[in-house]
Each structure stands twice: as C-alpha cells, then as structure tokens.
Amino acid sequence: MNVIIELEKPLLELEAKIADLKKLNETQRVDFSEEIAALEDKARQLKQEIFGNLTPWQRVHLARHPRRPLALDYISALSGFTELHGDRLYRDDPAIVAGYAYLGDLPIFVIGEQKGRDTKDNLYRNFGMPHPEGYRKAQRIMRLAEKFHRPLVTFIDTPGAYPGIGAEERGQSEAIASALKVAAGLRTPIVVNVIGEGGSGGALAIGIGDHIIMLQHAIYSVASPEAAASILWRDAGRAEEAAQRLRLTSDELFEFGIIDEIVPEPLGGAHRDPERIIADTLGATRRALERLVRLAPEELVDRRYEKFRRIGSHVELAHDSAAR
Amino acid sequence: MAPTPQWLRRRTVKPEPAGDVLWEICRSCGERLYKKDLAEKLWVCPRCGYHFRLHALDRIALLADGDFQELAALLATGDPLQWSDRMPYAEKIAGDRKKSGLLEAIVVGLCRIDGVRVGLGVMDFFFRGGTMGSVVGEKVTLLIEEAARQRLPVVLVTASGGARMEEGVIALMQLAKTTAAVERFSELGLPLITVLTDPTTGGVSASFGFQGDIIIAEAGAAIGFAGRRVIDQTIRQKLPEGFQSAEFLLEHGQVDMVVRRSELKGVLGKVLRFLAAQAVPA
Amino acid sequence: MAPTPQWLRRRTVKPEPAGDVLWEICRSCGERLYKKDLAEKLWVCPRCGYHFRLHALDRIALLADGDFQELAALLATGDPLQWSDRMPYAEKIAGDRKKSGLLEAIVVGLCRIDGVRVGLGVMDFFFRGGTMGSVVGEKVTLLIEEAARQRLPVVLVTASGGARMEEGVIALMQLAKTTAAVERFSELGLPLITVLTDPTTGGVSASFGFQGDIIIAEAGAAIGFAGRRVIDQTIRQKLPEGFQSAEFLLEHGQVDMVVRRSELKGVLGKVLRFLAAQAVPA
Amino acid sequence: MNVIIELEKPLLELEAKIADLKKLNETQRVDFSEEIAALEDKARQLKQEIFGNLTPWQRVHLARHPRRPLALDYISALSGFTELHGDRLYRDDPAIVAGYAYLGDLPIFVIGEQKGRDTKDNLYRNFGMPHPEGYRKAQRIMRLAEKFHRPLVTFIDTPGAYPGIGAEERGQSEAIASALKVAAGLRTPIVVNVIGEGGSGGALAIGIGDHIIMLQHAIYSVASPEAAASILWRDAGRAEEAAQRLRLTSDELFEFGIIDEIVPEPLGGAHRDPERIIADTLGATRRALERLVRLAPEELVDRRYEKFRRIGSHVELAHDSAAR
C-alpha cells in the first residue's frame, strides 16, 4: 500500500468539499465565499502539514504514486510520437517504450521506462522492470539517433532490472553493460529525465547523458530501498531505513553533482498538476537540447566523459599502513 | 605457488588470516584440506575441482610474471554518504582492511602476463564482498586511462557482489564512469579482456565485466546480474540446474570460454599475444 | 483508388486479368467481393480486413504523389543457367509478363511520398512469386545507387517467395549484391525504410527486407525466412498460433510496427519527414 | 544413404586387397610385385571409371561424404586455434564454430560451419544448420576481426539455414541479413572457403569476402537440391533433377565468376587425401591473404563492392512491349 494515499486522504476530502461548495456557490443564491476561503486556507495549511516535511520513505512512495505521470504521459505530450518496437533479436519489451517525436520543432528520438496504470497494465509492463530485450531495443534506438543526428531524450522510471530466470538466461548483465557503452560513446546529445523511480542498473541503462534532469520528488538510487535492505541486511522489511540512508532525493543528488537540474513539483507531488509538470520537464529538456545541439559530436562525447569521470569520493592516504 | 614476489613483500600491511589457520573445508565436497597444500594447488580442491575464491594478491601472484607496479595504491573511500547502520561504514572498511591487508576491493597496476605487458586489475571478494564504490570505480578508470596512454591491453579480473550500497547513487555512477573509460579505450582499438570469477554480479557484471572484447569465466563461478536470493524471493520458482554458473553462461552465449584456474595464465597469455601480434596494416 | 496517373498510362503493356473479371473471393473469410469495390477499398476485405496481395503498379499508385519516374524499366533476365523444366524458364517469364504487364518482379523509380522525394522499389508477387533473380537484384542496386547520388531516402516494398531457383547461385548472389549497396548507402547516413508485405520470405527477407533502419510490416503479412511448408515438412510439429504473421513478428521484436494498408502512405510520410527534417549539426 | 558410398565400395575392396598383398610381400618370401602392379593398374582404371564422370547428383553426395574433411579439420590444422563462443545474446550455436588462430605466422579470426561426424555429433551440430545465434556469433567475430585488424577466414559447409520454429521466432532473416551487411562493410580482408556443401542464405551468411575459394568437389547453390525441388515442384524427391539443373559445381561457378579459385581434389574426393587437401586449401587462403593484407581498408571494401556488384545476368530490352 502506498503510504502517500493514506496521508493525502484528508486533504483530498477537504478539496472535494471545497469543490462541492464552489459548485453550490455558483448554482444557489446563498453566498459561500467566506466558508470557501476559510476551507481553502485550511487546505493550504493541511497540505503544508502533510507534505512540507516528508520523510525519505514517504518520498519514495510519492515517487511511486499510482497517479504520478508516467513516461508515456510525457512522450505523448510531444508532437507526432511514433512508437518503434523491438530489439530485432528476441522480443518487444513493453517495459521500455521507444520511438521518435518532435519537441517543439526539434526532431528527437525518445526512450522511456513505462510502468502500468493498473494491475493488468502493470503485468503487461512488468511493473516497469525491463528485460534484456528492453535494453537492446534501447541500444537500437540510440544508434538510430546517432546515425540520423537526432538528439535522444530518455525518461527513467523503474524499480530496477527484473530479477527473473529468462532475464538472466538472456544476459541482462551484458544487455545493460552494452547499453551503457553505447550511450557513453553516442555522438549525439542525450538528455535524461528521472521522472519517478530511478532504481539501479535498470535506470542507469538509459541514464547516461549530457544533461540530467530530475523531478523534485523523483528518487534515484543504487538499488530500490527494498533491494538495498535485502542486500545489506537480508531483510527487505527494513526498506524504510534503507530509504533514509541511501540519500536518494533530488536535492541530495543535486548536491552530490549527480544531476544537473531539478524540476520543482507542486506541494503534494506531480500528480496534483500533471500538465504543468510535463510542460516544465519538456521545457527544461528543450532548453538543455538547444544548448547541446550546438556542440560538435567530439566535444559532446568528451564533455560527457568528463561529466561522469568526476563522480566519486575518495582520498589518498599517506601510506598503506594508515589502514592500521 | 611460487615464492612471494618482491612487489608483494614491499606491502607493509599483511592480511590477518580468518578462521582456522591450518585447515579449510571445501564448500563443494566438504573435504577437509590442509591450507598449505591447497595454496600449492592454486586453491582448487584436489578432490572435486572446486575453485575457492582467491585473494587479489594471490591472483596477481598467479598471473603476473615477476614484478607488479601497483597504481593508485593509497586511494581510500571518502564515505560520501557518511553511512552508518549497525556500525559506521568507516569502521566496516577498517575491519576489512585489517582482515584483507588491502585498502579497497581492487588492486590495479602494470605487469607482464606470459611476457605481454598489460594493465591488470584484480578485485577481491573478501573486501566488502568485492563491491564497487568510489575507489573501485576510480582505480579501474585510472588503470584504463594509464593503459590507454601506454597503449597496453587491459585485463580485469572481477569478483563482486555488485555496487556498494553504503555509497548509494555515487556507487551506481561508477558503472557509468568505468564504462566511459572502457568506451574511450575501445575506440583506440585496444583490447579489454575480462575474467569473471566467483562471484560476479550486479553493477560489476553490468558494466566492465561484460564489456570485454574477450570474456573468460573461471570454472564454476557464479555470474549474473541479480543474486540468487533476490531471484528466489521475487519469482519463487525452481531455478534451472547450474543456473548462473560459468558453464550455464557459456551455453547461453554470454562468455567466450570457461577456463580452469590452472590454465588461466596460459590462456590469457595466448589471447594477449594474439591481440598484440603484428596486425594487418590498418 | 484515384484515377490512373499519367506515369501508369504511359506504360504500353497492360496486365491481362486472371480468373473472374468481376468477382474475387476473400482468402480469409470466403466473402464474394465485387472487384471494383475491392479496388476502391485498396484491396482490403471490407468484411474481415484481409489484405489482398497488391500488384506493384497498384502499390505505386497508392504510395506515390503524382508522377513516378521509373528506372531501369527495360531490364530483363539473361537466363544465365538456360534453365528448363516442364517448360523453358524463358517461357515462364513470357507468361508472367503477359499476365502482370511487368517485365520483372520489381518496379523501381523516383517519386514523392506525402511530399518527400524518395527512391521507391515495389516487388510484385504475381510475377514469379516475387522471386529475386538477376533483374530484381540489379534494379534494387541501381535504385539504391541512384538514391545515394541524389541523397534521397529509399523505400523498398517487399513481396517475395525468396531467391529465384531458375537462376541458381546467381540468384543467391543478389543477396550479396543488394546488401553491399545497402551497406554503402547506409554509410552515407541515408535511411532505408522497408515495408514487408504478404509474403516476404527467403532471400529477400534475409537481405534488404531486414536491413531497413525502420521496418514496417503490413497487417496480416506472412514474413519469415523458411516457408511454412518447408518447416512443416522438416519438424512435423504444430506451429504456434499466428506463426510468421506480421503481428507475431512485432511481438518477437523483429519489426518496428504493423500498419494497415489504408494508413501506410501516412505512416511512411511521417517517418520520411522525420528523417528528412533539419538535423542536429553533424 | 550417400550414393558415393555404394559407388566407391568395389574400389575400397580392391584397395584393401592391394594393402593386404603389400603386407604379405614384405613379410613372406614369395614375391607378389607383379600381382600388386596389376591390381594397382586395375584400381586406377576403376577409380577413373567411377569418379571420372560423376553426375551432379553424385557430386552432391561426394560433397556430403561422411568422411569428407569438415570445418574443424581445417581450423585445427591452423596453429594455436582458440575457440570463442556465443553471440552474447541468447545461446552458443554449435553449428558455427569461431575463434582465432595463426595461418603460418599470420594472426587471423576464423568462422566455420560445422557438421557432425556421427549421428550424436550431428544432433549436437544440428547437421551444420545454424540458428540465428550462430549468425550473430559470426557477426561478433567479424567485428572483432575488424577492430583488431586481423583478416577473417571462413569455411562454408551447410545444407542451409534451419527451418525450425525457434529459428524463425528469433529472427533468422534478420540474423542473416545483418551478417551479410557486416561482412559487406568489414574493413579487414575476408577469404571464404567453400569446403563441402554451400546451401542458400545459411552459406552466404559467411560467404561474402574478397577471395572465394572452392574445393573441386564442393557444391554451392541457391538452395540444397532437396529444398530447390520442394520449392520448384513441391516434391523434394526430385532433388536429383534439381541438382542437375542448378549448376552447383565448382567449374560452373568459376565460369559464372562467382568463385575465384578452385582447389583440386584427388580423384575420388577430398576424403581420400584429407591432409593434402587441407594443406592446399590453407595454402591458397594464405596466398590470397598475403595479397589482400596489403590493401587499405577503403580499397578492400570498394573492391569487394565491385566484386559482388558485377554478378548478374540481364539484358536491356528495346521497349516494354517487347514482352509481347
């Protein structure tokens, strides 16, 4: 159960009440303006109370909110999106959607990790967890973007790679490793958007780029909190603790220099104003691309190298006996 | 094994042996083995052929001809998340340093293998499960960059539980960093050979592990992205026989060959000489 | 369909209609259909949506805006093997020429599709089962070479039973020849879009058919390497549902999209405009 | 049943007799020299009778002779062969072997189609009929050859691609089409050897090269005679007739300009002197490579283009009504 749904319930009820009153106000002769103003004030306070100070665990759930805009919501907001299917090798993976579209008048290729909207859809999309064929479809699209000199825009939203038999048999290590390699050397601009959940290698597989945008309440982590807890303490139940320690929020990632830009969300999360959030995200993507398309491919790849080359945190000890 | 080489004697920190000083139990057949014999047999069970996990320094001693010029030897983690759970991350690191005689989960440097000069990186599963954090990522990258400068092939011997959780997304980004280094190295036409040993999973298999031009798996090694436990918990169905073993991966087209430890140096030398031989005029 | 375009009226040879002049039976639902209506509906069964196989000239009329400048129109086979079985190969060819109004199993030329100038090649299954011999190989190659010179995208609409047996290994070598042309074209950064229609098998699917940057399959088309009959005879087991259908291939990751005939021109136009749009400075 | 085995039976019996007599001659005091000479004369005549004028169908069977040297026999005769496995995607296909070796002191990559020696081995090798993963392994090896500037040498011996469900599901059309494309543009020399049976796209997938060598009694065809008969007349039983019409022998292919060089075989076929045939084939390969390695990659690819560009047989009619 998503903890945010519980949290936001009183707020949604209050907002429904306000909406009812507003309707009454318009249709009846009695004036409810004062009541409405008071309730709206209360709603603002409540919202602040609920969302003003979310814990990391609550933020994880906000990033996973069932009404949060998904990759295809962003992609469909582009003009003329055409989906391209398949890895040409084994299967078309519905957990990764890809194709081409226009961002304004700029022709781009897109790749997004797609979760489902309901249970049936989630089974089809495998909860946004790609199989090797998804990463291989992504590689194919990356190479098309390079061949035809179109920028690539990606949308990350996955708990991570799928821990299943077929995925291992068909080499998901190789598939991710190759996707990373293709992206690292791709001679066309790449803008990455972390829109929901960015979990492990499954996220990074479409996460190497020249400008990394993250939504304010998205998360990005070395592993989902559940997986991290399972790895660290053999106890997925301690996911909340892991969430706290992993530093997976946008402000922390910005401080670490992992991401380049944060798209602010309304208090309460992106799903409270999807249209604005989608427009803002695509706007940020577009501004980044307008800058990046001016660079020569060599410069682009060199800068991308330096960008990731810098990431790390290490010190040089005076002597190896310093270990003692 | 051969007498301790010079480079190894130069190291001031020595590992503190864990468990029984004299005896070792084979994980596969249960045989009780005399450690000194086992070391002579390259830590391969003489009864069942089980390949024990090898310490990085032992692996280097096994592969390098004579001297090994270590690079970035004194790099240590900056603990970017200031992580602490049952104890601070820094303390865990200190403990593993004592036990392993290493500052981190990889040793990198320059040496010759069967006569061919290479950049060699060897991971150590006994240090934090061979996980990759900032230091492993940085040392792999520095090694590849140095090899690129000197136009040497690179051999990376992996043994890893994946990315290091205690360094969070910064550990994840080491996949991107090392990949970028491999990609640039590869563009120069230089060869990367990876040797996947038991176990190689997660972030290391999903980055440089499977980016080798030639990928060698050590006999019996467990290799995969997701660990068995995670898969078990997720899908709750019987795993195929030999699932994620080196031999299973060979059948599934994932690795070029499976090699026994005793033959590894010879095979590496052969591959390296082939790739270093006088080429067709480019 | 639209009134006969000028380029089509210029052709002196007209196909001789086979079978019933007025009526056609739907292969899929058995419905008896009035040919004139069916032609208006682009030869798609109004009852069940079955896509009838389309003659090359009808396909060109469907896709090309206005004029179509045919290339290599007069090429005919040299009959390299001087083949003869129940009748000489030359006679078979002559018969198909009469029936189809074509000299060979493909028509190639330059035109606009939805406003974008392209090189367009369309195969005809009614001519020797759309098989590829010397002439098909040569015309595909000439088209690609001309498009390369003019820096135009190429669209190839396939419909083929494979290589033409009567030209033996010379037919097989047309796979190599057309592939070499595609490869060189591709190196120039120019796009090849292939449209696989019913049926596309053998040498055509195993060469330019699956070498498209974007691969579109027409709804319901049978696409594969080996024909169903050969597979049936070899393995003698039940084939999966929808085996080798366009939709089956989409699921198996082999094609980018499955498109209904009525939407084909629009989709092609969209893809072509996208690939022709002002690019990032290279 | 291989028709050559029947044909060669009296010859093999006679040769066994000669061998016996020779042994006797050495160990006994009686002199059999004259008898031996007479029998050897007879054997020569018999050989000429049997093999001097083989029909195309008999030549097909000679190319499929169970004792004919197979790809691995040639490859093992190179020094330092190391096998490299797998397509990195799905499976290692035993019907295609690949790796690297030295031809003399020249480092080369090799790819060969491998039939089995007996029933069990043939099941393992799928009778030399590759699956998509075989062609994809071949592509991987081709790219390695290009990256490391080593020539590529291939050995063709297959009835053709495998007409099975999995092979179709995993896109054998795409796999062959891509292998052809990689080979066409490969910036390193390629020498192709047709050593046994060269059937259809399955053969051509490793058949694009700069110098095409064919053994005298090998066959190379648009389809196996059985497949061709089935396609032409819906009757695989008419394979013999197809064999006759297809013009699949080395001398015919040389005349057509499809192959560049024929390695002569002893009367009776390659299996009567495997060592010599292997040495001659590798010798021819080596001579071709010594010439090819001197060319710049661009020139190599251009010449390869022209080589295949030329193949075809067509005339230009005066007018399209000429059809009437």
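Per-chain residue numbering starts at 1, and chain names A, B, C and D are given in the order in which the chains are listed.
What we mean here is this: contacts are C-beta pairs under 8 Å (C-beta built on N, C-alpha and C of every residue); 3 or more make two chains touch, one makes a residue touch a chain.
Keep in mind that what you see is a predicted model, and the values were worked out from it rather than measured.
Listed by label, the chains touching chain C and chain D alike are A.
If each chain is reduced to the centroid of its CA atoms, chain B and chain D end up 42 Å from each other. The distance from the centre of chain A to the centre of chain D, each centre being the mean of the chain's C-alpha atoms, comes to 53 Å. The distance from the centre of chain A to the centre of chain B, with each centre set as the mean of the Cα atoms, comes to 32 Å. Chain contacts: chain A has residues 88-90, 170-171, 174, 178 touching two or more partner chains. Each of the following residues of chain B touches two or more other chains: 186, 210, 252-254.
Arrangement of the chains shown, judged by which pairs touch: an irregular graph that fits none of the line, ring, star or complete shapes. The residues of chain A lying in touch with chain C in their complex are 80, 82-93, 100, 102, 107, 133, 137, 144, 147-151, 188-189, 293-294, 296-297.
By the touch criterion given at the top, residues 88-90, 132, 136, 170-171, 174, 178 of chain D touch chain A in their complex.
Residues 186, 189, 191, 210, 213-214, 250-257, 267, 270-271, 274-275, 277-282 of chain B are the ones touching chain D in the complex.
Every residue of chain D that touches chain C in the complex is listed here, in rising order: 161-165, 167-174, 176-178, 180-181, 184-185, 200-201, 204, 207-208, 220-223, 227-228, 230-234, 236, 241-242, 245-248, 253, 256, 258, 304-305, 308-309, 311-324.
Across the complex, chain D is touched by residues 11-13, 73-81, 83-85, 94, 97-98, 103, 134-135, 137-138, 141, 161-177, 179-184, 186-187, 201-203, 205-211, 223-227, 229-231, 233-235, 237, 239-240, 243-244, 249, 252-254 of chain C.
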